[in-house]
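Quick heads-up: structures coming right below.
Same chain, two partners: chain A is paired with chain B first, then with chain C.
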Partner chain A sequence: MAQATAFYRTGLIMNASRFSGLLLVAPAVLFIAGLFVYPLSYSFIDAFTVAGDAGTRFSLANFVLAFELYGDDIVFTVLIVGLSAVLIASGAILIGGYITLGTNRFLVNAVRILYRWPLFIPFIVAAQCMRTFLAKNGLMNGVLIEMGMLTPLETTGFLDWRGIVITFVWKQLPFVALLVTGAMASLDRAGIEAARDLGAGRLRILWQIVVPQVMPTLIVALVLSIVTMMSVLSVPVMISGHSPTMMTVQMAFRVNAYHDYGTANALGVISYLITGLVAWIYLRRGVAGKGGEK
Partner chain B sequence: MATDAILSVRDLSVAYGQTRILDGISLDLEQGEFLALLGRSGCGKTTLLRTIGGFMRPEHGQVRIDGVDVTRLSPEARPTAMVFQSYALWPHMTVFGNIAYGLKLRGVPKPEITRRIDEVLALLRLDGLADRKVTALSGGQRQRVALGRALAVAPRLLLLDEPLSNLDARIRLDLRHEIRDLLKRLGVTAVHVTHDREEAMVMADRLALMNGGQIVQQGAPAELYDRPASSFVADFMGASNIITLDVRHADDGLIVEGPGIAPARISAAAGSCTVGDNCARADIHFRSAQARIEASGAAVDDELSLPGVILQATYPGDSYRYAVQVGHDRFLVDDIRKFSEGEAVRIVLPAGAIHLFPHVDAQSAA
Partner chain C sequence: MTQASFWQNQAQAPKQTLAARIGDLAGGGVVGALAVGFCILLLAIAIFGPLTNLLLWTVAEQWYFPHTFPARYGFDFWARVFHPDGNAFVSLRYSLVIAVLTVIFCLSLAIPAGYALARLALPARALILLVFLVPQAFPNIPVHINIARVFYQLDLHGTVGAVVLVHTLHGMVYAVWIATAAFGAVDKTLEEAARDIGAGPIRTFFTITLPSAMPGIIASAIFVFLESLDEFTGTYFVGAPEITTLPMLMFRAGMEGNYQVASITALVLLVPSVLFMIVVERFLRADVLAAVGR
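== the complex of A and B ==
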């Protein structure tokens, strides 16, 4: 009898702890369901349907229109984000490599402190700064003219695709460099010393010993960065209004000018598939890496 | 300076900021010799090895390898190769990739690399593992790969930084002999850092015992073991039972006595108290295994007899180990005979077991 009571009590305690566990995760689950899953599903449905006399029906018309009108913008977006990602990866490797392998303590500390600053600046502020910096009569050309490297007639503005790339790299490089530098710092120093001991120079050590070991972190940081760049509206709007431009600008345009949510959502799904593809490549690599270790 | 020395270190001093780590170190190493740098943590042995390898710059002093001054050269420019405590293998490479790395850097042609790696793998009993990732190897195999990577480039001087300390005790015992055998067969000149006395004695031709950034004694393992030059060396080399007694010089030796300890005539004892009269009070060091326990009986000549009581009796194997209280001191003594806890006994030290040094006050020594 006593045993049965104890068992019953244990059951009650377990149920109570399960209940409190559910209660703890409930806000997060509701948050994701309400603010992510619901609008995402709604957008998906909206992208694949059109309204007609007989009600809404499945259709690929939105995608046909999106590719017809904004095919160039899709390619432009992929190229801009791709180029930015390559430049960000190179910059992060160089910054991390210098902090990890540099010998001048003063410079290493200076780089360590300085490189993080843009991390705390919002995209819209970064875009505004770049507008004044990269314009034809902007700060950059002003400085170059003052230094005698350009005459006023030779100046050109960078407020086009180059401006977008420069802003993305400037804004996202610190984030990727932060993760990559952390991963490099956690490597066994003896591994680096062993390579030096066998005769490898610093660049070779960076490329052959350090980078392969931090590659998983670099790829995660780049995937996150690519997703962020794909979703930024302020930078392309403020830096370059020309066509072709990035998909986010056209999505906003379809909604604001035409109330055309169908095409905007189709563009959204395409951009989702592009980032999904990048994430899939990363996941495949992760699985292959783990398989290889066994 | 020995002219045929492969390694010659002169008056080497190294500091981390204000802290002096090495203080005027000098040593020579000849072709094919295996030197062990032995000492406690923080004595500077690893710093000395890293300075020889080029990973640290000395404040002053000189490191010469094959007669060439390499003091200011970086590690990659020195004809040395180091085996690291953590193995320092590159996890993204295979066994082949790790061992071949140094050869590729030297521009050795591919067929030659393959041939030499096959040789190294066979030497280290790693045949068939060339394509295995190093993360899939056991600790002992990883250490062999690390050794193979260093040996593949045929360094003039091999530097071993506590290479066995991360391994299981059993594997460590096997690898000691294996590494010594291999290096002797190849005629490799090596410097080995360890804090394990037995490991150093088994592996090395010569020991350099370090303390406080200095080499306190160098010599063959037996020399340091049998004729320690100081109280510190005796203690480190296992003579760690210490009793302080009064010493008088007699015509045919020394007379040693203390409160409750009968005067004993000792004809010959190792240590620095045998000549001169610099030690009216002396620290007597002895090893647990070289003393014996007697239940009763009178002291005889050439033996020191310490009366005491057995506090604890344990059996670690081979013989019993007794903790014996003598006055205010407590000693560990091994004996194959069985005695009981609480039993009144005598610790008997033959003259050969005694190492005598001028008494060092613990407070002034600190």
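== the complex of A and C ==
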């Protein structure tokens, strides 16, 4: 009997705790629902409908227009983000690999201190730095001329797709490198030492032993980076606003210049699909990896 | 040890070639160390070149082609930017008011949620944690566009409140995840001891749990503060042109070709970010950091 009461009481406490837990979480979750899910639903509804005489109806016209007008920009965006992601991944592997496998303490510490500087620098500040640094008559070309590596006639500005890629890599590499370095630091050193004893070179150890083990972290970091690059407006606007440019710029333009929410949201849905595709590749890889472990 | 015996000992040591000695010092092959050192130098130039460029622009009174460096240095533009009637003070006030309100609002939602997620029995806990990440996992320009439209309908557009709401949306994931990790790291036995000597649950929370979790909460507050201070895209869509935060001021000055004003504003934004990068590890203990997102 006493046992039953005790059981009943714990049950009651559990329920009470569950109830108060939900009550405490509710405001935060409702906030996300109101300020994110609700506007997000608008973005899908607007993309797939057009307003006509007979009211709003389902249509793919917005997507047709989006591809017609901004097809180049969509391709341009995918290429820029893809190239940046490849460069960021290679850089992060090299930096993480050197910090993990490097034998010279002084140089390893130098890299460790150096690479994170741009981590918390806002995108808009990075864009402003690069806008003046990479210009045709900017500091970079000026210094190259002073050093005799360029003549004034040979200089070109980098304020086009190259400038966007450079700014993205500059800003995002520290973030991915930080996560990858963390993952590499927590690896079991035994495998690395064994390979080293067998005479494997550092590059081979990095490529065949370290990188496969940190792949999940690298891909998560890259997916987050890709989403960020697909969301930034300031960098493409400030570095290179002329056509073709990134989809983010065209979305803002469509709304600001024409109040055309249909086409802007169609571009938005396309950008969700692109990032969704990247995330799907990641998830499929994750499932395949787990299947392989069994 | 006398001078003579010192030299004797030296002579007895096995002879080493100069290259081998430098190699030992460098912890690897000389050529390798030099190559790595050169790469690190390039990394340093790539990271600090654009930042140096920004610093030069803040003190450049005249800088035109073909001068590699500014033709005249001075603080005239600083005086102009920080003139009591200048735009900078208006922007600084907007930025600080919005950032502080964002921190207060964000933490008032995140502290109860974080406590519940860390300590109370919740159904679908992992899913709830994920909900806060989702706004960061979507390209956010289409979402901002639609939030702006909802705010137009509610007559909220172009107000401080609108910008605070959007900044809170982006700060939520840091605030909730770090608060959850911080509450999770609080020693449960301390709470139980307080309850045993007769403290009620609310008193226990405010005298034991909250103070113990405070370093983590402060870290999350700094994250949210910086996120708000640096936020550009959301402010651009829901606040412009009425709300001119520092990033908005910087953007406008940069686009108008007023590089000095843009660079000085950028520097003001840069300082808190860099300071935070240096002190972040002091606030976020390793055990809290490792538990983020779990």
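The criterion applied here is as follows: the second predicted complex is superposed on the first by the 280 of 294 C-alpha atoms of A that agree within 3 Å, B and C clash if a C-alpha of one lies under 4 Å from a C-alpha of the other, contacts with A are read in each partner's own complex, and residues count from 1 in each chain.
We adopt the following convention: contacts are C-beta pairs under 8 Å (C-beta built on N, C-alpha and C of every residue); 3 or more make two chains touch, one makes a residue touch a chain.
Bear in mind that the values here come from a model prediction, so they are computed numbers and not experimental data.
Under the clash rule set out above, the superposition-derived model of chain A with chain B and chain C shows the two partners fitting side by side.
In the superposition on chain A, A:209 makes contact with chain B only, not with chain C.
Legend: residue contacts after superposition of the two complexes on their common chain; A:193 is shown touching chain B, with no touch to chain C.
With the two structures brought together on chain A, the opening angle seen from the C-alpha centre of chain A toward chain B and chain C is 80°, to the nearest 10.
In the overlay built on the shared chain, the residue A:232 is in contact with chain C alone; chain B does not reach it. When the two structures are aligned on the shared chain, A:201 is found in touch with chain B, with no touch to chain C. When the two structures are aligned on the shared chain, A:252 is found in touch with chain C, with no touch to chain B. Legend: residue contacts after superposition of the two complexes on their common chain; A:275 is shown touching chain C, with no touch to chain B.
Judged by the number of chain A residues each one touches, C leads among chain B and chain C. Between chain B and chain C, the smallest C-alpha to C-alpha distance in the superposed model amounts to 9 Å. No residue of chain A lies in contact with both chain B in one complex and chain C in the other. Taken in their complex, chain C has these residues touching chain A: 26-28, 33, 36-37, 40, 43-44, 46-54, 56-57, 65-69, 109-110, 112-113, 115-117, 120-123, 128, 131-132, 134-143, 145-150, 165-166, 168-169, 172, 176, 226, 230, 232-233, 236-237, 247, 250-251, 254-255, 259, 262-263, 266, 269-270, 273-274, 276-277.
On the side of chain A, the complex with chain B involves touching residues 188, 190-191, 193-201, 204, 209, 212-213, 292-294. The part of chain B that touches chain A in the complex is made up of residues 53-55, 74-76, 80-82, 84-92, 101-102, 105-106, 133, 135-136, 146, 149, 153.
Looking at the complex, you find that chain A touches chain C at residues 14, 17-18, 20-22, 24-25, 27-29, 31-32, 35-36, 38-40, 42-43, 46, 98, 102-105, 107, 110-111, 114-133, 137-140, 142-143, 145-146, 152, 170, 224, 227, 230-234, 237-238, 248, 251-252, 255, 261, 264-265, 267-269, 271-272, 275, 279.
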